[in-house]
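Structures are listed in the sections that come next.
Shared between the two complexes below is chain A, which pairs with chain B and chain C, respectively.
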Partner chain A sequence: MDPMIDAVVPAVVPQIFINMYPVAIIIAIITAVTGLLGIILAKSDFQKILLIQVVTYAMLLIVAAVGTDLAEALILPGLVVSLAEILVVSEILISREVTRRSEKGEDPRKLKLKFNPIKMEVIKTALPVTSVVTVLYGAILTGFTGGAVAGAGILIYLFVGKLRGFSHNFWEEMVGISGVAWVLWLLGFLLYFLNPQLWLVALFMSGGGIVIKVALKLGLLGMLGREEFNN
Partner chain B sequence: MVSPIETLPLISFYLGTALLVVGSIGAVFGPKTSEEPINRIINLNVPSIGLALIFLSYNYTLAMLTFLSVNTMFYIIIFRAIIRLEEMEALI
Partner chain C sequence: MEERNLTIDLDLFDNIYRNLSVIWCIKMNDIVDINGLIIGHFPFVDIVPYITPFSLALVATIVTFTVFLAISNPEYRSITRFKEDVVRKETVEKKEARFRRFMTILCGVALIGVVTTGDIFNFALFVSLTGISNIGIFAGIKDTHVLDAAFQYGLVLMICSLPLFGGVALILANTGTLSLGVLGNLPSNQIINVGRTLLLIGAVGEGALAPFFATKVEMIRAKGAPFINMMHLSSLMVFTRIIELLLILG
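Now for the complex of A and B:
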């Protein structure tokens, strides 16, 4: 092996990943240039959000090309944070359009679409079961992945069908629990450094905290959708 | 000679890179993507599957699972935004 590569690359990285590294970087650069070219050519802001996704894929490939567990640990929060960014930017676009229409004197909610679910037996029966199974599986997984999976289950429950289950105040309280879970996550990390012998307690604190935090943040999105369609 | 620890990651990796490049070109320059955002979202599926295959070749199980579930939520968010913007007849 080249002594230069030997000095830089850790011994845990397999030879096959070292050989794949230049290809991955070149492909990532090609993809990123394509995506950025599209952003230059795109006319509306909404199309730009979609094209940023291509650039995100290139960024994830560059991180993934490292080939160790560190790359995986960097990819997971990157995915969840990019989802939150897209949510925020799409909300900003919608509220900007509402403001623009209101200033012109139009009613922005004039053309409101009617919520009209398809009448099928399987939609009524299968989806609550699916959401329960997804939430349970997310709770078993824990961490960022578990939070995302459990949040998807909450979203399925909230987006489908008519208004049922929990009141608005309940979700407000859930937001408070999400804050407490965030503190639990931070305390778990602090415990790693203060007393490394308690690593199992710290692991459970941080893993449990982050799953509640991420899942409830995605449930908040469901609350938004319900308020729009059912008032 | 086909061996599961050396050949299969390579197949998955090169298939993934090919899908990533072709799919990103399709998402950017594909037909009617600038008029219909739905077309662009459908084309975006191709590079995302390519990236999932690349994660598979690197043995990133958790990253691949999270990527797939985050992708689903991305479509939910984007379609909600499309519905809200089309209600107001905004330029998409």
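Now for the complex of A and C:
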């Protein structure tokens, strides 16, 4: 076996996982080539933006192929960067369209985008109990993954059926709690750097903070879709 | 049994911490060879931003430039046309100028991060932030031609995030670390060289260096002169830093 792999990979990692790394890299390269071919063949600019997501997935695949905790932590900034780039480029596309049409003599104020929620049957017919199960499972998981799972539960609660109990003000307060939890997460990380002896407290602070923050943020996304908040 | 495990873990952590600081104080061969002595560093375990005489000069340039741009007003461009007896003056609206000034300052902050960071993933993040804020300077312009060029630059940015982060991930997978201080002492091998090449391609795309410069030239024809000069500075700084980084990794 390669001495370099011996030095970097711990002995507890089975050989099969080490062998998966080149496969993952090859899959990422195939994905990237597919996406780039699509961009070459695409006709409209909007299609190009959609297809460029495939290239971004290839980037995430290469980072994820490392397969350590550090790689898991690196995926999130990579995702955020690609999202920011997509937002910027689509904003430029919109402003170019508005400029083009106002040069032709149309009123640019008429081009304002409207919010049209998708009407899906499954949203109306799904069981509301699913949300309770999902939130409980998310609370057990904790951390970022748990936050995402619990947030999906809150999304289900907000999408399915009618509003029960929680008022508009309640969700407004949830925004505040989400902010406080985020601060807790940051403080936990700071404590971990400043005083490593208190790693357990720091771990619980950041783990608990991130579960609340991510869950409520996803829930707030669902809140935007409800009619009573859009007036 | 649990108690004993806990203490062992803490000892291990202390050892790693001490070794890392030793590495940063004494053993930074490549960095010291290229840049001169390290004036100061912030010991955040292995995320260590450092300052050498070389990067101090770069930081001073960036800060001076950014401050000058932040306090300056947008240009007045006078336009004369054939068969018209008027000289028209054009400038940027106040709201748009404020947004561009903000983006310029953001770009300056990102550039300071680019030249001082001691962690290749942070380098990749700061370089992409530079690219995003560069586009942000141009996003509000009411000119179809400039917006077309900005859109093309945006496509190049998004495609080039693949080699940039891919190169970083390859180096991480091969060496197990992202810290420049550790990487500077490691011998180079073929996979690290592939990672270096990918990093170079990524940085060239994000900073709009040589082959992608065409889009940038079109964008610079926009009005609002002082702020768009930030693009030139960002190209220069990303170029300087990526050369230094490639030398340290090699």
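What we mean here is this: the second predicted complex is superposed on the first by the 131 of 231 C-alpha atoms of A that agree within 3 Å, B and C clash if a C-alpha of one lies under 4 Å from a C-alpha of the other, contacts with A are read in each partner's own complex, and residues count from 1 in each chain.
Note that in this section contacts are C-beta pairs under 8 Å (C-beta built on N, C-alpha and C of every residue); 3 or more make two chains touch, one makes a residue touch a chain.
Because the structure is predicted, anything quoted here is derived from the model rather than measured.
Residue contacts after overlaying the shared chain place A:F17 against chain B, while chain C stays out of touching range. Judged by the touch definition given at the top, the superposed model places A:A71 against both chain B and chain C. Applying the stated contact rule after C-alpha superposition, one finds that A:S44 touches chain B and leaves chain C untouched. Applying the stated contact rule after C-alpha superposition, one finds that A:Q197 touches chain C and leaves chain B untouched. In the superposed model, A:Y137 makes contact with neither chain B nor chain C. A simple residue count on chain A separates chain B from chain C, and the partner touching more is B. Contact with chain C, but none with chain B, is seen for A:I62 once the two complexes are overlaid on the shared chain.
Applying the stated contact rule after C-alpha superposition, one finds that A:I86 touches each of chain B and chain C. Note: residues 58, 71, 82, 86, 93 of chain A belong to the chain B contact set and to the chain C contact set alike, using the contact criterion stated above.
Against chain C, in their complex, chain A makes its touches with residues 4, 7-8, 21, 28, 32, 36, 39, 45, 48, 52, 55-56, 58-59, 62-63, 65-66, 70-71, 74, 77-78, 81-82, 84-86, 88-89, 91-93, 95-96, 99-100, 102-103, 193, 196-197, 199.
The part of chain A that touches chain B in the complex is made up of residues 16-17, 20, 23-24, 27, 30-31, 34-35, 37-38, 41-44, 46-47, 49-51, 53-54, 57-58, 60-61, 64, 67, 71-72, 75-76, 79-80, 82-83, 86-87, 90, 93-94, 97-98, 101, 108-109, 111-113, 143-145, 148-149, 151-152, 155, 159, 218, 221, 225, 228.
Interface of chain C with chain A (complex): residues 10, 13, 17, 44-45, 121, 125, 128-129, 131-132, 135-136, 138-140, 142-144, 147-148, 150-151, 154-155, 157-159, 161-162, 165-166, 168-170, 172-176, 178, 189. On the side of chain B, the complex with chain A involves touching residues 6, 9-10, 13, 17, 20-21, 24-25, 27-29, 34, 37, 40-41, 44, 47-48, 50-51, 54-55, 57-58, 60, 62-63, 65-67, 69-70, 72-74, 76-78, 80-85, 87-92.
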